[in-house]
Structure formats: C-alpha cells, structure tokens
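The following pair of complexes shares a single chain, subunit A, combined with subunit B in the former and subunit C in the latter.
For the complex of A and B:
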C-alpha cells in the first residue's frame, strides 16, 4: 500500500511545477472573475456579495447583442477556417514538388501578430486603401466605397479565417496524412466518389482533430479584441471589447467581471456544443 | 456469387512512373470467365502495379485494359466492375464489420433490406456472422482478412483483385485461408487476379500463373506446366527449388534426345529437334533424382558426395557436391530412403525427361 501511495505522491510532486502552475493560475483567474462578478474585489466601492450585477444583464440589450455577435463571429470563424484548411490538408497530404513550400506558406499568417494583420487589412480596405485605389484605376467604381468596419463584420471574419486557418491546417494535415492510402483507395474501389470519400471516410477519421481545431478557433475568436477594435463594426461590440469599455470607460469592474464570466461560459459551452454538433453531423452523414 | 462472370484483358500495357521508372513494359494477359490467375514474381517486378492498373488506380502510358470486352483504360476505379482485397485489408476502422461490408452496397444505392441480406450472406460465407457489430480492431488478423474478403464478395463484382491478401497472416492460418479462398472462388465463380510473391500460394490457388520479372511476364502456364517446364533459369529458380548448372551439347542421339556434357558427367536429356549449340543453362529438381545401386546400368548415372543431411519430417534434404568439384553445392530431396550419412557417396540417376535445357535469361 505504502509504495503505491509514495509513487502517487512522487508523480504529483513531479507534475506540480508544470501542471500545478497552470492550474493555480487558472484557478486564481477564475476565482477573481467569478468573485468580482458577485460584488467582490470592487475597486470603486465596498465589497459585498450580491446578485445585482448578474440581474442587470438580463435587462441590458447591448450585452446580449454583443453576446450574439461574438457567438456568430466565433462560430463562423471556426467553421470557415476548417473549411479552408481541409482542402489544403488533402492537397498536401501526399508529397509533391513544392508541397513543403505550400505547407510553410500557408502557415505564415500564424507568425504575424493579429494587431499587425488587422492594420495591414485596414490598409487594404480603408476608404483611401489599396483596394479602392485599384478599383478606381480599373474603373470598377467611380468613387471609393466603404469597406472598413463593415456592419456585417466580414472584415473580422476574413481576418479570423486568415489567422486561424494555419492552426486548423496544422491539426488537420497530420490527421489527414495519418489515414492509410489503402483505406481511401478501398473506398474509391467500392464506388465512393470524392464527396463520399470525404464525408464517410476522411471526416470521421479526422473528427478529433477537427473538433480540436474548432474548439481552439472558437475560443480564440469568441474572445477577440484586436481584430474587432481595428476592423470590426462600430456596433455591436464584441464581448471582449464590451468588457474592456465597461472597465476602462465606466470603471465598473464588477459588471466587467460578469461579462468576462459570460464570455468564458460562452467559449466553453459554445466550443463543446460546436464539437458535439460536428460529431452529430459527421455520424448522421455517414449513416444516411 | 458473381452476377455475371467477367473476363479481363490487358493488352500491351506499359507503365512509366514520374521518375521515368518503367514499371511495366508491354505486358499482356487474359483472365477468362471464372478463372483464377496469379501474378507471381519477386518484389519490384511490377505485379502490384499491374493489379492497380486493372483496378484503375493507375493509368498506363500505353496499352489497353478491357473488362468483359469493354475498354476501361480511362475509367476511374469507382466506375469499374472490379473490387480489390488489399494487403493491409484496408478496413474502415470507424465502421463496424457490418458497415464495412455494406459500404460498397450503399454506394450502389441498394435498398436497406436487400443490403442487409447481402451483408449477412457475405459474412456467413466467411463464418463471421457473429462479429457483425464489432469494430475491425476488435478482431484478429485472420478475422480482419475475412471481413475484407466478405466486403469484396458482397459487391458481387465480376472480378476480384487480390493484392497479397494473405501475407500478413501466420503460416498455418495462411494455408487454411488459402484453401477457403479457393473453395469460395470455385463456388461463386468470380474471375480472380491474385498477386503474390509466394510460390506455394501461386501453385495452390491458380488456374494460370503469370510469372513476372523486371516489368515483364517471363512465362505463363498452369502451375504444373511452369513447375515442370521452366523456360529460363529465373523461372526454374523462382518457382520451386532447382539445381542450376551449365552444360555443352555434344550431339543428338536420336530424335528429341541429345547428349550434354555437365558437371555430373555426360547426361542424356530431352531436347528439341533443333538442339541448341554450345553451352546451355540446365536444371533438375531436387526430387527428380533417385538412388541407384553401385553397379546398376542406367542412363544418367552419377556419384554425389553428401555434405549435409537435413531431416524435415515428411522428407529429407541432402546437400552435397560432385566428387571432383566441391565448390558448387546441389540439393536433393527424398521422401523414403535408407539412412544417409554425411560424407557418404551416393549413386544417383535422373531421367532424361527430368533434366531441362533452359533458354538463356
């Protein structure tokens, strides 16, 4: 008995410097955010446990608009990023002349900080930006038109997809490459066309990588601040943007904490929900 | 099982890969309805390439592939009336055994009831009905192999292509599945093209063997024809065991018989009406010799010094050399005999019809 306990203690002790630190930081952040949302750590007044800040949310249409907006951007970004990454992953699945260069090139966006990418994008789409200059020169339009901070947040989604596709590709390329050539050949030999091979063989066999990619991208996009601030619409705000403004402009740290907790809950439930829906969709497609 | 037996014709096919490697060079073959043909040869001889060309996974540089008389050279695999059993089994790991077998039938948009019936029949033919709801990884290698076979049988395709399907099984299981496969093929009558580098598999299964080397078919025939009448030293050496040696034709004795000077002395052998002149490649099989008495007056008698005796249960292998040259070792096989001891000199004889003059490779 004692040797087993001793072994477990040693294992825990060895894990503590790494895992312990991560768990510690996570717990502290969560504790602060949740406590603050219930009236603790009130930087502008006295601390007292209250549901007041949470109750206020139900009556705040601006927050729910932000919630829906962030949820939509995160979902779209996750779905579109993996949709772009899959064909590339399948294209570079088997080595060909130049496939390494292609693989490296499509990962370049991952190395560029989001803020820099957003500024580059704004340079492209602003009223006096490169695209408008080109359209005018080509005679596509008579006068420049507005693309920056568009109401539909197309710019933000483009930036998210551009930034997150390499991550999706990193996860999916490995999974797609791990599928045996014979398995795909067998499906083809049994009469499966390209789409069926994708839906019935490749998707189910790369489901875990797909889910992982979607979860990571969803969480990242849900909490986006940089792309939204520079290239996003003026209204509504993203959740992160709203949280920042609530804290910095209105100095309401408790309400900001509520938004923060909601953002975390949305990231968690949304990501898991998206992963679950993906699994359902893949299985349903396969058994039809 | 096949709805309609099918013929396969490969007509002067050449395959060149991107790196300019010529994998096949002017290969032709014909598989008649319900025939079991085997592509046999060493690794890299082009047999799997030829099978993949027939399946449609590769496109030849030149030549045609016809299935039931229809030119399918440009058709993709999914449009051909062939189904392949892969060396790796290529089962879909995320599907159950039943789903694996049903996969091809679903692509044919077959109704659920008929599909289930077909799956059950196919699984019953390989005795795997009870494993229908299991995933492939829960099965043994032999069972996975049977699932792959059932998946192919369920398609009722006219042609089944086998790419070394038994090579991952252990020796005993391989032998059992081999005979079951042959029985199923004879029962259902589908045309089979089978790739292997295992000569015993080729001999046991085939109606016709195509022996390949370096991208070409070097000899075709029934297993018996190929074994008893190898045309070249490659064929003699690859199919079974052969004692290969050189000889010089010294003259024709009578029609179809000539004398040849060999390391075993002068041997009288069967030859054509126009015997080859000068040095020739020759062989006899280890089991073709018999032990004779010291003073027996028989044709093709020679002495043999035994260096090693290996007892293999049902037969005994004897290694040794001719008395005046111990640099070349020959091999003999005896089913029943008096005890043979190492160092002993045996008096042997071989029938003229068992000594073959080979074409130069």
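For the complex of A and C:
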C-alpha cells in the first residue's frame, strides 16, 4: 500500500511545476473570464452577479457579424491549409534527392513572425506593390488595383494559409510517412488509382494528424487579431479585435468578457465540430 | 516519365512558387528598409530611386527600438530557461513513468495552445490589474513561460522517453543516486532536446505579440509591439516597418538551420519516422 501512495505522491510532485502551473493559470483565467462576463470584476462600477451583459448579445448585430466572420475565416483557413499541405506531404513521403531541402523551404513561413508575414503580404499587394507592377507589365490592367484590406478578407485567409501550412505539413508528413509501402502497393495492385488511394487509404490512416492540424489552425485563426488589424477588412471586426476594442476603447470589460467567452466557446466547439465533420466525410468517402 | 523527371519538374515548380511565396516578399521588405527619406518610393516607380541606410540609423537613434530589442532579448532567454526548468519534471513523468490518467494529463498540458492567445492575454492583463501587479517584465515573463510550457513539455517528453532503460539500470546498480543519474545519463543524452526546446521558446518569445502588447502597452515595448505600432492604421510607416521586420526575421532564419540539425538528431534517436 505505502509504496503505491509514495509513487503517486512522486508523480504529483513531478507534475506540479509544469502541468500544475498550466492548470492553475488556466483555471484562474477561465474563472476570471466567466465571472467577469456575469458582472464580477467590474472596473467601472459595483460588482454584482447579473445576466445583463449576456442579454446584450441578443440584440447586437455587430457581434454576430464578427462571430460569423471569425467562424468563416477559421474554417476556410483550416481547410485550405491542409489542402495545400497534403499533396506536399505525399510528394516528400519517400526521400529523394532534394526532398529535405523541399521540407525545409516549405517550413520557412512557420519561423516568420505573424506580424512580419502581414507586413510582407501588405507590401506585395499594396498600390505600389510588386503584384500591381507585374499586372501592369503583363497588361492585365492599366491602373493598379486596390487589394490591401480587401472586403472579402482574402488577404487574411492567404496569410493564415501562408503561416499555417508548414504546421499542417509537419503533422501530415509524419503521418503519411508512417503508412507502409506494402499497404499502398497492395491498393495499387488491386487497381486503385491515385485519387482512390488518397481517399481510401491515406486519408483514413492519417485522419488523426489531419484532425489535429485542423483543430490547431482553426483555433488560431478564430482568435486572430494581428492579421485582421493589418491586412483585414475594416468591417466586420474579428472576434478578438471586437473584444479588444470593447475593452480598450469602450472600457466595457464585462461585455468584452462576454465576447471573450463566446470566442473561446466558438473556437473549441468549431474546431471539434470541424474535426468531427472531417471524420464523417472521410469515412463516408471510403465506403462509397 | 520517370519519377526523377517528375520530381525535377515539381522542384522547379516549387522554386517558382517559393520565389513568389517567400523570396520576393523578403526582397521587397529589404528594398523598403533601404528607401532614402529624401526620395520617396511611390507609384509608378518599380524601384526606389535612392538607397541608403538612413532609415536604419534613424530608427536606432530616434525611436524606442534599442529599448525594445533589449527587452525582447532579455525576456526570451529568461523565458526559455524558466520554461525548461518548469517543464522538465512534468516531461520526466510523461516520458518515463506510468500512472493513471496520463493521457488526459498530456492533453490538459496543451491547454495554453488550445485557447486563443489574445483572449488569454486580455484576461491575464485584467487579473494583473486586479492584483495590483505592475511589473511588466515579470508579468510578461510569467505569461510567456506558461504559454510555451506545452512545447517544451512535448519535446522533452520525447527526449526523456528515448533514454535507454539499461543505462539507467546500470547506473542504479552502481549506486548512482537520482541527481547523479540525471547529470551523467539523462542530461548528456538529452542535450539536443534541451537545446531544441530552448531555441524554439526563444523564437516564440521574441515574436510573441498578444501578451507583450496587451500586458506591456504602452510603456513596455518589445520588437513585435514596436513593429505593430508602425504597421497598424494611421501610423503605418512602411520603411520603418521593413527595418523592424528584418530585425525580427534574420535571427529566426539562422536559428532554423540549427533547429533542423537538432530536431533531425532527436528524430534519428527515436528510431521512428517523421
């Protein structure tokens, strides 16, 4: 009995500084966020438990515009990033001369800070940017286009894909490489074409890595602030931007907390939902 | 077509895409950082009329840039060291001990990555105000340490798990205590894992924006916050942003070379692919 208790105590003692710190900090942050959204920690007036800040969301079209917008950006970014990463992962599955360099060069954007990426992008698409010069030289247009801060948020999605594809590749390349050659050769012998091999073998066998990549990218894009403020449309705001503005410009920290909690819920449920849908789609495609 | 030919064509394609995707943007940024203030670079000029290092000197002499760099470069190694210290025991438990609920604990350790960083930053800052804590440096250091713990825990868990059990048994047979075992067996074998975690956390800390911006603003600047103030809205000063961007990027590209080697050796040691 005693040795077992002793072992458990040692495990707990080992977990405390790392996992304990994470759990302690995160619980305090979550507790603060949730109770602030119900009227506690009110910087401007008295604290009292109330639903009034939550009631405001019922009649706030700007909030829902931001909600839908962030949801859309997050979904698009996650789906597009893995779509770009899959073909590359399959290409470098088997080592060939230059495959390491391919892997390294594709990873470069991961090491470029988000703000710098946003700046590089804005530079490319600006009025006097190189893209406009190329269009002018090719005769595509007589006048430069205005592409910066486009209303459809194409810039934000391009930036997310640019920055997140390396992460997706990192996860997918490992999973794709772990599939044994025999399995793929067997499928080929049975007459499976490239697309069938992808949908019936590679996708199901790499599903977990695919889901992990989509979850991380979705959550990151749902909570984006930097890309949105630099390269995004002037309206609507992203959820993180709306939360920040509500807090700093309107000093309404209780409502900012409501937006923050909504954002966290949306990011988690959205990411898990997307992972679930992916699983359904992969299984379905397989049995057809 | 042989697969070598296909690969050559694909590599050629990648070089073209990579040029547009990565190389051109960095060249553009470099050009912008060298635009001389006396001759602005405006449409329809495809190239700046006059190049000089005046912007670099100006930013260095007249803005908060030196302070921001000092803050960032002081903060990042401290965050790296603190994270490694706090992560090691947990990574040891994950990598070498069996206990109930380990899988759940490993998922829970990912929490800081799974919640949106900006949300964490805003509430972290509110909590600090409630607690009357106004030391920006220590606050951001704490924030970075917790945000980056998951990365260090993951890498070190793999490193700990890779140390061969017979070496540890042998040391134990020779009556080596826990400290000696750690110093003479674990540590030498785990140096690649430790160095890789340290470099990754230094990079993440230097480029971290949300916590540094929300907790540090307005008086504590780091390189990303000063970049943001030169990028957003009406204060967009393109040549200045270009200079600061390059200051942020160049060390990372150097670090990438080291990381590839280190992580390569970690992977080789694990005997698994990917």
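Operating definition for what follows: the second predicted complex is superposed on the first by the 288 of 288 C-alpha atoms of A that agree within 3 Å, B and C clash if a C-alpha of one lies under 4 Å from a C-alpha of the other, contacts with A are read in each partner's own complex, and residues count from 1 in each chain.
As a working rule, a contact is a pair of C-beta atoms (placed from the backbone, for glycine too) under 8 Å apart; a residue touches a chain by one contact, two chains touch by 3 or more.
What you see is a predicted model, and the numbers here were worked out from it, not measured in a lab.
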>> Given the alignment on subunit A, is it a clash or a fit between subunit B and subunit C?
In response: fit
> What angle, rounded to a multiple of 10°, is defined by the Cα centres of subunit B, subunit A and subunit C, with the middle one as vertex?
Replying inline: 90
> Touching A:84 in the superposition: subunit B (first), subunit C (second), both, neither?
Replying inline: neither
> Of subunit B and subunit C, which one contacts the greater number of residues in subunit A?
Replying inline: C
>> Looking at A:204, would you say it contacts subunit B, subunit C, both, or neither? Reply first, second, both or neither.
In response: first
> Looking at the overlay, what does A:57 touch: subunit B (first), subunit C (second), both, or neither?
Replying inline: neither
>> Applying the document's definition of touch, where does A:65 land relative to subunit B and subunit C: first, second, both, or neither?
In response: neither
> Does subunit B (first) or subunit C (second) touch A:14, or do both, or does neither?
Replying inline: second
> Taking the superposition as given, does A:154 touch the first partner, subunit B, the second, subunit C, both, or neither?
Replying inline: neither
>> On the A-aligned overlay, A:186 touches which partner chain: subunit B = first, subunit C = second, or both, or neither?
In response: first
> Least CA distance subunit B-subunit C after superposition, rounded to whole Å?
Replying inline: 9
>> Quick check: in the complex, which residue numbers of subunit B touch subunit A?
In response: 55, 57, 76-78, 82-84, 86-88, 90-95, 103-104, 107-108, 151, 155
> Touching subunit A in the complex: which residues of subunit C?
Replying inline: 3-4, 7, 10-11, 14, 18, 21-22, 24-26, 28-29, 32, 41-46, 85-93, 97, 99, 105, 108-109, 111-120, 122-124, 126-127, 129-130, 145-146, 149-150, 153, 203, 206-207, 209-210, 214, 224, 227-228, 231-233, 238, 241-242, 245, 248-249, 252-253, 255-256, 260, 272-274
> Which residues, counting only subunit A, touch subunit B once they are in their complex?
Replying inline: 180, 182-183, 185-193, 196, 200-201, 204-205, 286
>> Per the contact definition, I'd like the list of subunit A residues that touch subunit C in the complex.
In response: 7-8, 10-11, 13-19, 21-23, 25-26, 28-29, 32-33, 36, 41, 43, 91, 96-98, 102, 104-109, 111-116, 118-124, 127-130, 132-133, 136, 144, 162, 173-175, 177-178, 215-216, 219-220, 222-226, 229-230, 240, 243-244, 247, 253, 256-257, 260, 263-264, 267-268
